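We call the chains A, B, C, D and E, going by the order they appear; numbering starts again at 1 in every chain.
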Amino acid sequence: MHADTTPTRKAAALAAFAGLDHEPGVPKPDPILVVDKVVRRFGGLTAVNVDHVEIQRGSITALIGPNGAGKTTFFNQLTGFDSADEGSWTFNGKQLKGVPAHRVARAGMVRTFQLTKALSKLTVMENMRLGAQNQRGENFFRALIPGSWRRQEDEITERAEELLERFKLAAKRDDFAGSLSGGQRKLLEMARALMVGPELVMLDEPMAGVNPALTQSLLGHVKDLREEGMTVLFVEHDMDMVRDISDWVVVMAQGAVIAEGPPDTIMSDPRVVDAYLGAHHDAPMSAEEFEEQLQEAEAELESEIEEKA
Amino acid sequence: MTAPTPENHAEPDRVPTRDEPGPVTAADEDGAEPVSRAAVVDRSDHLAGAESALLRADELYAGYIPGVNILNGADLYVKKGELIGIIGPNGAGKSTLLKTLFGLVPVRSGSVTLNGEDITNLKAHTLVARGVGYVPQTNNVFPSLTIEENLEMGAFQVPGKFKERFEFVCEIFPALRERRKQRAGSLSGGERQMVAMGRALMTEPSVLLLDEPSAGLSPKLQDLVFIQAQQINKAGVTVIMVEQNARRCLQICHRGYVLDQGRNAYMASGRDLINDPKVIQLYLGTLARA
Amino acid sequence: GGEDSAAPASSAPAAQSSAPAAATAQGDGVLTVGTLLPQTGSLAFLGPPEFAGVGLAIKEINDAGGVLGKPVVEVDTDSGDTSTNIASQSVDKLLQQKADVVIGAASSSVSLSVIDKITGAGVVQISPANTSDQFTTYNDKGLYFRTAPPDVLQGRVLGDLILADGNDTVGILALQDAYGTGLADNVQKAVEGGGGQVVEKVIYDPKAADYSADVAKIKEANPKAVALIGFDETKKIIPELVKQGLTAKKVKYYFVDGNLSNYGTGKDGFPKGTLDGAKGTQPGAQVSDDFKAKLKTVDPNLKDFNYGPESYDATILTALAAVAAKSDAPKDIAAKLQEVSTGGEKCKDFKSCNDLLSAGKDIDYDGASGPIEFNEAGDPAEATIGIYQYGADNTNKNVAFNTGKIAG
Amino acid sequence: MRRAVIAFTAFLGGIVFLLSSPAWADGEALKGTLQNQGQPVNGVKISVAGEDGKPVGDATTGADGKWEVPVPKAGKYKVTLDQATLPKGIALKFQNRATLDVQVYEGSERNVLFALAPAGQQGGAATPASSDSSSFWDRVAQLTFEGFNLGLIIALAAMGLSLVFGTTGLTNFAHGELLTFGAMCAYFFNVVVGLPLIWAAVISVVIGGAFGYSQDRFFWGVLRRRGSSLVAMMIISIGLALFLRYVFLFFFGGEGAPYADYNAQPGIQVGPISAAPKNFIAMGIELAVLVIVGLALLKTRVGKAARAVADNPALAASSGINVDGVIRIIWTVGGAIASLAGVMLGLSQNVSFQMGFQILLLVFAGVTLGGLGTAFGALVGSIVVGLFIQLSTVVVPTELKTVGALLVLILVMLFRPQGILGRRERIG
Amino acid sequence: MDWNTIFVTTVKASIGLETVVYALAAIGVNIQFGYAGLLNFGQAAFLGVAAYGMAVTVATFHLPFWLGILIGLAATIVLAFLLGIPTLRLRADYLAIVTIAAAEIVRLVFRSVKFSSVFGGSDGRQNFSGDFFAMNPYSPGTYGIGPISFNERVTWVLTVGWVLIAIACGLVYLLMKSPWGRVLKAIREDEDAVRSLGKNVFSYKMQALVLGGVVGCLGGFLFALGQASVQPDLFSTEFTFYAYTIVILGGAARVFSPVVGAAIFWVLLVFVGNTLSEAVSAGLLPSLFTVNNIGAVRFMLVGLGLMLLLIFRPQGIFGDKREIALDAR
């Protein structure tokens, strides 16, 4: 559905990754985000313990890992929503540790939430408009003079409408965001983050619960964004999507980064298969395969039950 | 005195109709015709099949806001021991359909019957007593309760079985056993999903309604969920499953429904749907094939 | 109240000119008495005797033929307390109904919040219970009066009584409002001026959840006598005193008019002997049983009679002033109020006073609450303070009266 | 004017006046009784001089310790006690107060008091008796006890509130009136019907439970099913509070009244604390109820279900919990506990139509301080509130004791925004 | 029954001083709570410090009136910062209790004997409104239509009051239609989401708190000037409760709802009160009802009325039913 010729940015990204080691924490040629020794503990549990990680500018990087690996917590640390116990990280060379969340966003690093945060009693359109940065009308005094922000507002609205169209939310434009379905909220969450126009967008499971057909078209959009120079870091459990879109994959388990590399390599890494992918290998299973697997599992279970009995 | 509403909508009382604009369909460069109800839905199929159904819903109309229907005459039936999949675009009304079956959203017109008994608008907890289990899509755990207590709530009506079922659930999701004293509110997205699924498995329901049970789970666990669903079904439990992981869902289910705009767009066996080019284009996408 | 120099009579026209419309509404030949008394709020328990006092007076006046040949009209409203903030609305209603005189409010704070509105409209305000000294100097255009004496005299008498009983160390527990703190100051002045020592003065919040800390503070100071200055909360404070060991046997309790009730030993009274030997002061002559009985004909449920006589007197005085002025216009009433309360032939009810007036005589009304003499500021110029003592049955009996000038 | 007054007094005094010996005769004078520890002291010379120092007269105390010096007119006089004439072993309590400036008012005698004390025990100056440290610590101990006493009552009230809040999310401003209701029920059965207070309390708790039940059955439950928002319900509760409070005023009247039993019960001394026996029993009951309800909430099935309903009613229903049933149980228990709290409050205070309303702020403070929606938060928070109300009076004037407690509340909130026992929410 | 009096007093109440004061206070609450979701239960304190700031300046320290106004405003803003800096990070319900506590502290301090030389204890302060009435452009007389008229003093206070209300409403209208208002409403829904979009949530909350406080403080000035007196108990928690009631009666987050709500509230109070007292004096009620308890009956009915209004119109007069549907648990 997209142009067959490999787009320039993608090529650039792939080129950048080409010679790299497939080691956790490998340095990238042009990192936008550099993370060092970030640790977050909850009581006895070390949720995040990332030694070193770099995110290449202009690339689409996937962050995968089993449930509870610490991906969301890691996002929380980086974006200032939770304070890390130790460690430091720089974005565009700027130290961001201890910087409050809204400054992180203003610096150009925007995240979405896995458990969506729709602004219920605002309409979908208002949700979108809110994302835009540097709005004149958001200043108390200028807000009182509609003339000073009307033009900008119209531009913002136009941009929002385009995005809504893409995210299949145009029909919901004037409905309260609180009335959206689960999947629609995910879509709104992502669209709103894109309204910010960030340099680095961090998506936490953006497509979970989104219809596959729509996912596909949105992936095209994300690729386009990369063409426009945006860096994307996303968490996802849908391997089809990871394979389709990402230039580089970082794997987390039990708080630490255990592997890095291009998608294909990673997905055949036995450690990753073992910890994360399970029997779910590269290609989607055919029905027969599935049946087979099922029978295996069943037999196993039965034998277990017998053992117990 | 009229109040200028500060909100954007000029007429707050306007009742949006769900008939226009055209149905929500996937982006399609070929300009495929949107599915229209008249073209595909033929109630005779439903009526024929529903005859001997365990659970059936007929021409359901339901919604949240007065005057706006989300379900526009949805039909559904499940026979005993069947595994049904429901797919459809976001906002089609899949979750609403499950909630309506389960008595969480009031039925405005139409009927729901279980075992030939009318259960329209019965309260959820009485349905649980009749052996119906439900896993919601969102807000599906009790955040301030521990994992163990969450599961205990799942077995609320059969407290005696708690120990046994708890073992069973922990067998499937070993992560839960380790964390049994952790409050669900601090769990990761996937861990929550496990708790939600586990909670519904605490009783031994005869009908199980699952709303996107695999969302947010790692591929390994997704497999597990589908296998579990099928196994439970094999054990005689009737399962209705809403999934966005549509391909996987249709692979295992006996019959699939495609829901669009609150009404059935397609109903066929899972295998047929998965291979129907229209369905692929509009609802399944080609990504997984690539 | 009033300006220091100008007599009420001379300042009344000023009020008149500033509110001509209001004045045209009044002076219509019917004397309308409005009440602004507590039906709700924290002083609600003071309401019934006050309403009964006004009601009784009006009944007697009308039985005697009314004023200016017409029956006196009564309009009742609720003053609430300052936190409910409805007094002002009540005043609106009274003004709307052409009240010539407003009897009220009970609370000094409430009176202060409406005094401008009432006197600004050229209407006379007479409070039966305000004791705050604010009113003496308030710029009220000569329209504010009160029948309750300011706290000065009672404080002086109570302080003296405490010393006479040989208490060299005194603790004061006083309610935190104009009444409580004013009286407490006067008691303290009297005690310390006569050689005694106020070892602890605790001002308590009447809405406090409990009073144990307040009592503990008194206990720590170990006084020989405790002066209890307050209202209904005293019922909660006495058990606390008893609990912490400050029984009537150990320290002497002194009460004031706000709480000098007959607590009794019955179901909702105190155990026998709880107040044995305690003393108290109350302004005004003793309310005669006869008068109490009359009040009860108006309100059979009446238990306490605080400020009932003062309310009664305020109403009677108003009527007499109107008769004397041959007008029901507020400014005329205000001008005559001092006159009918001082110098002249004594009389003590409306009928006899009215007769004297129609006979062209100068009268001096002395009321149910004692000898009322308005001074130029509209305050009572002198008052009688009764001294009472409790027996083992927790009821009090009069032991003496003391009458004195308030000034000086 | 004096003439008139005398005439009036004579008229009015009637029989009373004749029977009781008049304490104030006509004419200005200074007088007093000299006593040392209750015993009259005689033979002490006291002299009076005018403001200008001119002697006016003097007197020597008689066997009964009395002395009197008439003065010519109202005004200021200097009254001096001749310390040399004091008997051996007796001295002025305040050395610097041998001479007093006394104002005599027109027409009245003025009592003057010279405080005496055994020699060696007197204070140097007339400053407020600086309390020695032992009585200070006694007071601190007493206040600590009172803090627990008050705190437990608040906690009981808070428990009822937090049960309902925790389960339905309703901020019930009418909760104070539930307390009043309980107290008034007990009053009715105790004072009007004449049952012993214990039985009256039991009945009142039962009725309180029934009241709670029917409030939910016929009111809040109906609103909930109609989908009223929590904010609307909060405001409705303000209306309900107003309504109930004035119903109480209507039937009960504005005055406070005690129960027939245990009123002004004499205190017993336990170490540094003096307390009435009823306090200990009440505190015991309160603590027991609080712990039992707290544990029930944590451990029993219904308790857990209540917390589940609090978290997510729809999901609770999906788990087979009868949400309305659970809420009704909670309302019943909440109403019963509120009633008990009301009875206890009435026992330690008085029954009045404002009693619940006046304590409501402290109840809210207790619930919040402990952490909203926690089983034992109400208990911990309320006791902290109670303790601070009482103990803060060591530093601040008692009129400001609530200020002390509220300041502490604010401070705690700053350092533990989720309350003492509360837990922070996870983001994302 | 004197229906004329009932009618006239009721109509006057709908535009009278109390309505003006409560409306201003409620507009402030509406900004804070209705739009920004801040459960500021200390609104009474904002009115209180403003009124006292002015009254004390003029009456205690004998400084000029306008300085008093400035000091009152400054005191409000300082209070907003004092309250806001530490508490705006709290969860909504915790914020409520902290602000209630703060308001009570303010009231108790005003009331205390300890500071009575400054604040005047429970009697409060008087004698500060002279300069205000000296500015009165109305010559002595009454102004109005027929019986619904006020004397020149009241007319002056009401004129100022309604002009201030108009300005405040205009301000709210402009602000809430603007992106600034959008941020505020978004904060009400979910702060974290707003933070993630790069807005300084704390700053906006503070702006809302200050703005709401300042609007409310105008009510405080008028209250003090209209009565020519301030008392601490005017600013008790009930005041704030009623302000909230008014906002919800009108419908939260609607520009005119506080004004209409305030009018309804006072109309209800006055109409019920006056009708009852007329009925009692006309002997129309059973003898159970007397002058002593009729005040209680009035508040009973008002409480009942408020309940019924909200039971049958839970979204308030101007509210949107759809928003309520989203709240339902």
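Keep in mind that, in the parts below, a residue touches a chain if its C-beta (ideal position, glycine included) is under 8 Å from a C-beta of that chain, and two chains touch if they have at least 3 such contacts.
None of these values were measured; they are calculated from a predicted model.
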Co-neighbours of chain C and chain A - touch as defined: D, E
Innermost chain, taking as reference the mean of every protein Cα atom displayed: E
Interchain centroid distance [CA atoms averaged], chain A/chain D, Å: 60
Interchain centroid distance [CA atoms averaged], chain C/chain D, Å: 26
Computed distance of Cα centres, chain E from chain B, in Å: 49
Multi-chain contact residues (two or more partners), chain B: 7, 64-65, 186
Chain E, residues touching no fewer than two other chains: 108, 111-113, 177, 181, 192, 293, 296, 298-299, 322, 325
Where chain A touches two or more other chains, by residue: 72, 81, 113-115, 126, 179
Residues on chain E engaged by chain D in the complex (per definition of touch): 86-87, 89-91, 93-94, 96-98, 100-102, 104-105, 108-109, 111-114, 192, 237, 241, 244-245, 248-249, 252, 293, 296-300, 302-307, 310-311, 314-316, 324-325, 327-329
Of chain D, residues touching chain C in the complex: 1, 4-9, 12-13, 16-17, 20-24, 32-33, 35, 74, 79, 93-94, 97, 100-103, 105-108, 110-115, 126, 128-129, 131, 135-136, 138-139, 142-143, 146, 149-150, 154, 191, 194, 246, 249, 253-260, 263-267, 269, 274-276, 279, 348-350, 352, 354, 358-359, 362, 389-390, 393, 397-402
Interfacial residue positions of chain D with respect to chain E in the complex: 168-169, 171, 173, 223-224, 226-232, 234-236, 238-247, 249-250, 313, 361, 364-365, 368, 372, 397, 399-400, 402-403, 406-407, 409-410, 413-414, 417-419, 427-428
Touching residues on chain A, where the partner in the complex is chain D: 72, 75-76, 81-82, 113-115, 204
Residues on chain A engaged by chain E in the complex (per definition of touch): 79, 81, 100-103, 105-106, 110-113, 117-122, 126-127, 129-131, 133, 135-140, 143-144, 146, 149, 153, 176, 178-179, 192-193, 195-196
